[in-house]
Structure formats: C-alpha cells, structure tokens
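There are two complexes below, and they share chain A, which is joined by chain B in the first and by chain C in the second.
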Partner chain A sequence: MAKIIVVTSGKGGVGKTTSSAAIATGLAMRGFKTVVIDFDVGLRNLDLIMGCERRVVYDFVNVIKKEATLNQALIKDKRTPGLFILPASQTRDKDALSMEGVQTVLEDLAKDFEYIICDSPAGIEQGAQMALYFADEAIVVTNPEVSSVRDSDRIIGILQSKSLKAEQGGTVKEHLLLTRYNPERVAQAEMLSVADVEDILAVPLLGVIPESEAVLKASNQGAPVILDQESEAGQAYLDAVSRLLGEEMEHRFLEVQKKGFLKRLLGGK
Partner chain B sequence: MAKVCFQMKGTAFTAVVMDLQSYSADLFPAQLKQKIDTAPQFFNASPLVLNLASFEGQLEDEQLEHVVTVCREQGLQPIACRGATTELRYTIMGLGLASLPASKSKSSEIPAEPAQAAPVKAEKKQPVVEVAPAFRPSKVITKPVRSGQQVYAEGCDLIVMAAVSEGAEVLADGHIHVYGPLRGRALAGVKGDTDARVFCRQMEAELVSIAGYFVMNEKLRELCWKEAAHAYLDGESIQVSAI
Partner chain C sequence: MSIFNYFLKKEKKSSASLAKERLQIIVAHERSKRQQPDYLPLMQKEIMDVIRKYVNIEEDQVTVQLDNNDDCSVLELNITLPE
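For the complex of A and B:
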C-alpha cells in the first residue's frame, strides 16, 4: 500500500515545490517507486524544477476529467529510475479538481507506487485542502520567520481537522521541515532559531535545510537540489529523506561555521 | 419496497438567547456589536432566540423588524421569538421566524391574559426558571490548539494540556486551564460568570477575557509575561497575578 505524503505550508514561496522535488527524488534514489503530483493547478511549477517541462503532454486535470489515462500523463524522470511526475494543468484553475477525481487518481497510483508525494499549492483554500485530504503523512515546510510559522500552525490545524484521517478519528503524522535556514542570521537574532520554531509548532523536526545558492541554481537548471550532493542543501535533504524512512540522524548545518583558512581556499559553500 | 426518504425525530438544540429588555434604534446596534466583538467566532452564525418576555413596555412591529435585521447583519441567525405578544405574531411569521411559548409555566397564560396585563406579568416573572446545575465534566484537550482553531467548553471548564497558539481561541463558560504556553485568546465565563478564571503555566496571551471584560497583550506583557499566572475579575477590572 502506497504512503501518501503531502508537502504543505500555508504560506507561499517557502520551498514546497523544491522540497517535494528533492524528497521525491531522494525516495526514488533509495529504491522506492515514487510519484510526485503537482496540485498547484494554474501555477504549474513542479515540472520546471524537475526539468521536464517540455515533456508535458497531458496533465492531472486531463486525467481527472478522463481525457487521458494515467499512463499517458505520467512523466518518467530521466535522471532517477523509479521516479514519475504527474504535472498540473497550466490553463485551468483549482476548481477543476474534484474530490472524487483526486481520490480515483490516488487509488490508481497506490496500486503501482510505494510513495505518492503531493505538492500542495499555497493557501488554505480548496486546492490546498484537496492536496492534504487523503494524506497519511504531512511535511510542513516552514521558513524561520513569524508569518510562515503562523501559517504553518494554521495548516497543521486543518490537517488535524479536515483530512480524511482526522475525520476517521486517526491522525496525520506530521513532520517539520525548516527551509532557508541561515545560522548566521539566527546568531544575530534576525531569524527565528530551530528551537523557537519547534517550541511554537510542537511538531517533530524532519530536517533543516540551510539557505544555499545551490537551491536557486538547481531550480533554474531543472535538477532537484538533492542531486547536488556537494551542496549543504542537497546533503540536508538526503538526511531528511533518511529520517522520513525512520532512520535516526543528527541534524547538521545548525551552527555558524567558522571558515578556516584552508576551507576558504577550497571554497565550502 | 420504496426507499424511505426521511425519518422524523425530536431533538434539543443549544441556541443563544437574547433577552430583549428595551429598544433604541441607536443603542441596540452599537451594544450588539460591542458584545459580538468580545467573541466574534463564538457568535458567528450562531442560532439566536429572541426572548421578548422581559421587554419593558410594548415592542412595535417595525422595532422588532429592525432588531432582527441588525442581528442578521451582525452575523447571528435569528431562528425564533419567544414570549411575544399575540399582536406581533404576524410580524414574526413575516420575518421567517418561529413563535415559541414564553416558557413552560407561562405558555398557557399569555394568550389568555388581557393585552395590558401581559407585560406587567412578564416583568414580575423575570427570574427565569433556574434548572438545578447538573454536574458537567470539564472538557479536556490534549493536543495543541492551532492558529485559526477554536475550542469552546459549553457549560463547563476547559483544560488544555498543550499549547494554545497565536491566532487560536479557547472559550469556556467556566474556568480555563492551559498547561502549555497560552499564546492565543482565552475567554472564560463567556455566558457571564464573573467568578470564572483563567489559569496558565506560561502567559503569552493575545487577550484574556472574563465575562466580557478583557485585557490585551500589551498590558499582560507588563504584568507577568511568560510566567505562570492566573486572571480573575475584581469588580470591573481583570487582575492578573503570578501563581
């Protein structure tokens, strides 16, 4: 039985799509057959981050409206075996998704895949609620900043009250993923620390992704940052995937790194 | 066999009752807004029964219409009038509301009474029949109350064993106890119990209210910020002190 994981945040621009792409790629790299679905109908981005925008023929809405089969719409990732992308439609809006349609697609995917990653749109409206409704687990992406933390708190409340699991009396397992973390700015008290965010949200920490130039570079190149294993962000995502699979790992990149002479020479980004 | 379409059942609902005591075209809307602002989420779309039994004097048709309109504008849902005089019956029907008898003891009397005598009678009987307070177990919440969520302990105390986030609201007719940080709004004694109190292990609230009186975050910061504290009503002002 496939595990459905929603990547959500409430606030926009915190790194949901980047994280969805990285985590889906990471799971596939670990040998799990994984599909990542773009729920952001109308603002299709996942295909760009995954570098498959030119291969989109049919999309999620076509499948829901039965204008295409799932196999026609699924795009096989060229870099990572066992990874598939179900792109969103760019020409429709979020009302094109129906609860029954989404359920049917997820049930069909569950037959073939071990992990289904749902990349949620921002906001708390229908589109976001649709993305999280069928989830078994949720990765709540948060920036170390007050408005992002508050929106995450709100979306966790929705997960606990408006998801299928919650309606059946169960709970959606939550993970906190802190992105764009900058230890130097935390040290200068310009940014919330990991401890602050954990204190407010009270959700187990899945990972801390340091702010890194590699993320922007990866997005523009259309290659998930997790493939860039030289970068701290790539390594942090690898750790996060390991923790998602139940492995215990120490959190890295939380402290300000004092760059020694040698390190500066070798360039440690 | 044809499929059964429905089943009739009798049930009891909880509704807010507004005891209308006097009418003023200016004061009524202002006072209602003030009341609703103390707990907007609680009053939002809540069913409302207008009790006219304790109204002083005679309520005119247009006045009742205005009262109902204002209630609807403020987001309440008037569903019925209670204890209205027979003259108002058609106006009530016209407003799409149900007419309920004043209360069990009075129901047979009012239509039979002469019109002038009715209000006098009603005034004297003002103390509503008190139902003996039955034991109501407290409501216990073990998970964090998140931003945007609201928890209301009706007719009892509320115990929250986790954090109340900023933007969350906890309400109780009785006391409120919060064992995690209290960062949202806490409203105790929302039905007017002035003896209700708010207890918390870590006071960081946006607002603390007791029986409609409240203190805001700024004041709380001066008093016992991030400390274990409790709030109670002393006359018309809320006292907050460490525990």
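For the complex of A and C:
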C-alpha cells in the first residue's frame, strides 16, 4: 500500500517544491519506488527543480482528462533510480483538477509506488485542499517568520478538518519541517527559534533545514539539493528522510558553527 | 553608540520574543474561531436583532462564545447594556 504524503505550507515561497524534490529523491535513494506530483496547476515548477523541464510531454491534467495514460505522463528521473515525476499542467483553468480525477490517478499510482509525494500549491484554496485531501501524512514547511507560522497553523486546521482522514474520524500524521533556518540570527534573538515554532504549532519536528547557498545553486542546476551531500541543507534533508522512515536522528545545524582559524583566514563560508 | 543606548537596549525586548508573543496571541484567537460551528455568526446576528428591538446597542457590545468541554458545550452570551 502506497503512502501519500503532502508537502504543504499555506504561505508561498517557503520551500515546498524544494522540499518535495529533496524528500522524494531521498526516499528513492533509500530504495523506495517514489513518485512526486506537482499539484500547482498553472504554475508548474517542480519540473525545473527536478531538472526535467524539457522532457515534459503530457501532464497531470492530461491524465485526468484521459488525453494521455499515466505511463505517458510520468517522467523517469535520470539521476535517481525508482523516482518518477508527474508534472502539473500549465492551463489557466484552475478547476482543471477534479476530486474524482485526482482520486483515480492516486489509486492507479498506489498500485506501483511505495511513496506518493504531493507538492501542494500555496494558499488554502481548492488546489491546496485537493493536494492534501487524500494524504496519509503531511509535511508542513515553515519558515521561522511570523506570516509563515500563522499560515502553517491555518493549513494544519484544514488538515484536521477537511482531509479524507479527518472526515473518516482519523488524523493525518503531521510533521513540521523548518526551512531557511539561520542559527546566527536565532542566537542574536532576531529570529524565532526551533523551540518557539514547535511551541506555537505543536507539531512533531521532522527536520530543520539551515538557510544555505546550496539551495539556490541546486535549483539553478535543476538537481534536488539532497544530492549535494557536501552542503548542510543536503545533509539536513537526508536526516529528515531518515526520520520520515521512523529512524531516530539527532537534529543538526541548530547551533552557530564556529569558523576554524584557517577558514576565517581564507574567508570561507 | 553612547552609554545610554547600552542601557536602553537591555530594556527593549528582542524581536524574536516579540514575534513569538504576537504569534501566540493571534494563533490562539484563530484556533478558537476555527472550532466554532458555522451557524454561530448568523445566530449572533439574529440575537443582536432581537436585543435591538428593545435596547439600542452597538455590535461590539455583544460577544457570543461557544466553549467545548469534554461532555458539554457552553454558549456564553455577554451583553453590555448602555446606562
């Protein structure tokens, strides 16, 4: 039985697509057959982050409208075996996704895949609700910043009331993923700390991704940042994937890194 | 920076703790609203209309709140009557 995980946040620009790409890649690296779906109809971007934008022929909406089969629309990732991407449509018709259509596609995918990652659009409208409706688990991506935390709380409210699991009297398992974390600013009391955000949202912490130049570099190259295992962000995503699989890991990169003498001398970062 | 700034700075709260305080208040407020049943705003309006038949009051002089305890719900109606 496939596990459906939605990556959501309410607020835009906090790192949903970056996180979806990284976590889907991480799960495939661990040997699980994984598909990542872009639910952002109209503003397709996952394909760029995954580096497969030139290989998109058919998309999610084509499959729902039966203009293409699932196999025609799925893009096989070239870097990571066992990883597939289902791109969003660029149609401007925002009602192109139907609940029944989404359900059929998810049921079909569940036959072949172990993990289905749903990259949610921003907002709390129909598109975001569609992305989370069938989820077994949710990764709530949050920045340590007031508007992002508030919006995360709103989306948590929707997960707890408007998901299929909630309607059936169950719960969607929630995970907090704190991204763009800057330990220096936290140390100077200029940024909400991990503990502050955990305190407010009361959702178990899946991981903390430090603000890192590697993220932009990765998106420039179209390679998920988790593949850059030299970078702190890449390592933090690897840890998050391990925790998602139930392994206990200590949280890293929460403290200010002391620069070594040589590094300071050379001005390295 | 003068020596006065040094002392003044200590008095001021850090921006992170200010953020946390503001968030705790707004999130608690929004959560309590979220748990309200859908009919509450309309019911509040109708109660207002009934009261207005007899007493002249403003909208902000009435608060309606529904608290859910384990086995019972308490509907609290607070009306401030003009003198």
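Please note the rule applied: the second predicted complex is superposed on the first by the 259 of 269 C-alpha atoms of A that agree within 3 Å, B and C clash if a C-alpha of one lies under 4 Å from a C-alpha of the other, contacts with A are read in each partner's own complex, and residues count from 1 in each chain.
To be clear about the criterion, a residue touches a chain if its C-beta (ideal position, glycine included) is under 8 Å from a C-beta of that chain, and two chains touch if they have at least 3 such contacts.
Source: prediction; values computed, not measured.
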item: Simultaneous placement of chain C and chain B on chain A, clash or fit; value: clash
item: Which superposed partner A:192 touches (first chain B, second chain C, both, neither); value: second
item: Partner, of chain C and chain B, that touches more residues belonging to chain A; value: C
item: Touching partner for A:200 - first (chain B), second (chain C), both, neither; value: both
item: First (chain B), second (chain C), both or neither touched by A:168; value: neither
item: Which superposed partner A:157 touches (first chain B, second chain C, both, neither); value: both
item: Stretch of chain B, among 97-105, 115-123, 133-141 or 223-231, that runs into chain C once the two complexes are superposed; value: 133-141
item: Touching both chain C and chain B, counted on chain A across the two superposed complexes; value: 150, 153-154, 157, 161, 199-200
item: Chain B residues within the chain A interface of the complex; value: 143-149, 162-163, 165-168, 180-181, 183
item: Contact set on chain C toward chain A in their complex; value: 14-17, 19-20, 22-24, 26-27, 30-31, 34
item: Chain A residues within the chain C interface of the complex; value: 145-146, 149-150, 153-154, 157, 161, 186, 188-193, 196, 199-201
item: Complex interface listing, chain A residues touching chain B; value: 124, 150-151, 153-154, 156-158, 160-161, 199-200, 202
